[in-house]
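Dropping the structure in here first, questions after.
First chain written, first letter: the chains are A, B and C, and each begins at residue 1.
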């Protein structure tokens, strides 16, 4: 007890004697860095990425970066490409200063390294080889439709739920994004990866690389910006003064 | 001179008291000389003061100069480094500097390239109260952090308190370099000129506070 | 011992014979004041003077290290904060001393106003006091500039833009203020001169004149309802009051001044030790656009007012309002130099003071949260509540991405995070039909930019489908009643009534 009291009292005495430890004293780390000197992954991720990709990489509206399968699927160069220059066909903006964004190359390196450190897991595919990240075959619409009906429709064709065939949706996501999500899945919202077509996680027959390419090709064929733009402005502008 | 006069009189205290008493009763004859000398002393001081004040005022007003004498052409780099259709943040060294300016001589501007040789160079200062606006390429808007002024990509006012669009710099392309006429913090007092010289394409878009450009 | 006392007396006398200050000091110290002015309400003036002394002392101490050069000022402040032992504490005391001084000066002024102390013969005391207030605010502003960080830089920028609105001479005034065409080295040097020589010198001189008049004219008696001030009789009445019911200023009233001043100094010290110095914020580099400038506490209300002015009022208000305010303050003792002093019989004065105090409080409070400013990083930093997306379809999810990526979040909050410039959208679907949302997004209006050119039809569809889902559970989304009626009519009529 006495030792505890002394242990408690000592810092207090030191604090009073030292004055440098008063609550108002400033630590060197408090002094503001130039925005381009911020290299802490969490600060960078929380200010630049998490609004779309979710706190800690999960549950955001955009791609689940915290999914270890995603981290295993995408290589550093590709990540750098998307972060720096944005991802064409999606809302992912360009963050590199060279492309009109706010981040330096060193900061982008820090983000990539941080993601790997936080979210990568070894041997996440358990020996199975996923279809390659980049499409390397040509797809077939007909086959894709059949595969889609057989493997995806049971969830995605439920009325008013998860309809990925909406032309507006398909206009807003590129083929690569579709492909990535089919392969890596989204563990946070119950989208299975390529190896499990059962959302509960029970093993099903894996999709082959060709299957994935076919489905993406089929979905791509439904993409029709013209169909979306047909929607007219509903209220007559003359209501405005 | 007046000091001498004073000390002379102090050596004769009797006379002084006598004359002081006299000044109350007697006529101005005795008094006037002393008062005249006092007035002369004041006038002399006034004159010297005025002579000294002229250089002081000139010194104080030294920074008040014509805008054009502060400005000169500054290069923002290779004109082709700006992609067509995009807006980029650039920074340059202020042409009017002192060695002890430190970081304050970094000035930023937004360069918007509309065509092969069509540019608009915006000052980063919000037209409301001069805070630095930020460009958001996704929504194609400039937003001001201070009082919420928002501008469209062409610099025209979108919403918020500003009365006008963003200020622009005069520009030219010389030897492949994009150059702007800079050197002065843009503000409402010196930008009537800046507006005139901006390229006609941007003026057409600057239509006051109508937010209905859908 | 008696020998020492003798020596002491001899030394005192030697000095007194030459200085001859004993009598005037005795006069000042022992002059009689009305008994009821020995009140805790009368301690603010002396506290303000004490704080001025504190500011002068701490200011000189800071000047031992501070470098008044635009290139070095920011670094020297960081060295004060981190390397000079207790440099941070000195900065904190000077900064908190400034906050307290502004506050105490305002309280002092409100008390003098409420007690009618500015009336005859103390008009000039009030007038000098108004200038002391302006000087105090001038010190606060120039002090903010000397803390040469981003707030200082852009705060000066606001000053430039205000001055630049002056007709004809605006440009010249800006050059004069800045010492050149931009905020740079010359600017900091002249603000240093203002903060360290010009304003404090004037301030100290005026403060002494102010105190001189207080001593010469006597401290204002406690206002009594019905005891009117008349120029013809007041002096006699006051002299009678002090003679019949007066007590010597020292110690009768002065002990309260001493205790309150000590309390204020202690409060400054505690605040400095606990909350520490303010800033410096980011480097004064104008090419850093990731900054959200904000003025110091005494100017927050102005910052708020400036955001609420409609564009057409901007220039007239900025140019005329300060003149009207200062003229109004200066006019107070001349408009009402006679009459009632008691607040019981001065409803207009009390209401005016209350209105100003409440207005000041509201604007200062608003400026702390700046609901009019877009949150610059909300679009990339503020996450959406997970439950809002739990049932989301891919299109809705994509709409949420667009909501973030197109910076809608910078002005509209969801789940309590995001800008407050526009309305919070947590329940937007209960207020607007999808058609109305689509129209609003495309054409903007009110204070919203038009997004028609920046969003593709698919993006608008996705965005609206996301917004459609934003309604509380159990509260149905809004619908267009006329459209529904038209549709239900259309079925029996065979669709023939559609245009």
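Couple of notes before you dig in:
Here, contacts are C-beta pairs under 8 Å (C-beta built on N, C-alpha and C of every residue); 3 or more make two chains touch, one makes a residue touch a chain.
Just so it is clear, the structure is predicted and the values come from calculations on it, not from any experiment.
For the pairs A-C and B-C, the larger set of C-beta contacts lies at B-C.
Taking the mean Cα position of each chain as its centre, B sits at the greatest distance from chain A.
Chain A and chain B have centres, each the mean of its CA atoms, that are 49 Å apart. One inter-chain figure worth recording: chain A and chain C are separated by 43 Å, centre to centre, where each centre is the mean of the chain's CA atoms. With centres taken as mean Cα positions, chain C sits 25 Å from chain B.
Chain contacts: chain A has residues 91, 93, 237, 240 touching two or more partner chains. In chain B, the residues that touch at least two other chains are 89, 138, 212, 214. Each of the following residues of chain C touches two or more other chains: 283, 285, 288, 290, 379, 405-406, 442-443, 445.
Those residues of chain A lying in contact with chain B across their complex are 91, 93-94, 100, 237, 240.
Residues of chain C that touch chain B in their complex: 69-72, 74, 153-154, 157-158, 160-166, 170-176, 178-187, 283-293, 303, 306-307, 309-312, 314-315, 372-374, 376, 379, 405-408, 410-411, 421, 442-454. Considering their complex, residues 60-61, 63-65, 67, 70-71, 89, 91, 94, 96-108, 124-125, 128-134, 136, 138-141, 143-148, 150, 152, 158-163, 183-185, 187-190, 209, 211-214 of chain B touch chain C. On the chain C side of its complex with chain A, the touching residues are 78, 81-82, 85-86, 88-89, 92, 272-277, 280-283, 285, 288, 290, 377-384, 386, 389, 392-395, 397-398, 400-402, 404-406, 409, 435-436, 438-439, 442-443, 445, 456-459, 461-462, 465.
Per the touch definition, chain A reaches chain C in the complex via residues 19-20, 22-28, 31-32, 34-35, 46-52, 54-55, 59-62, 91-93, 102, 160-164, 166-169, 171-173, 189, 225, 228-231, 233-235, 237, 240.
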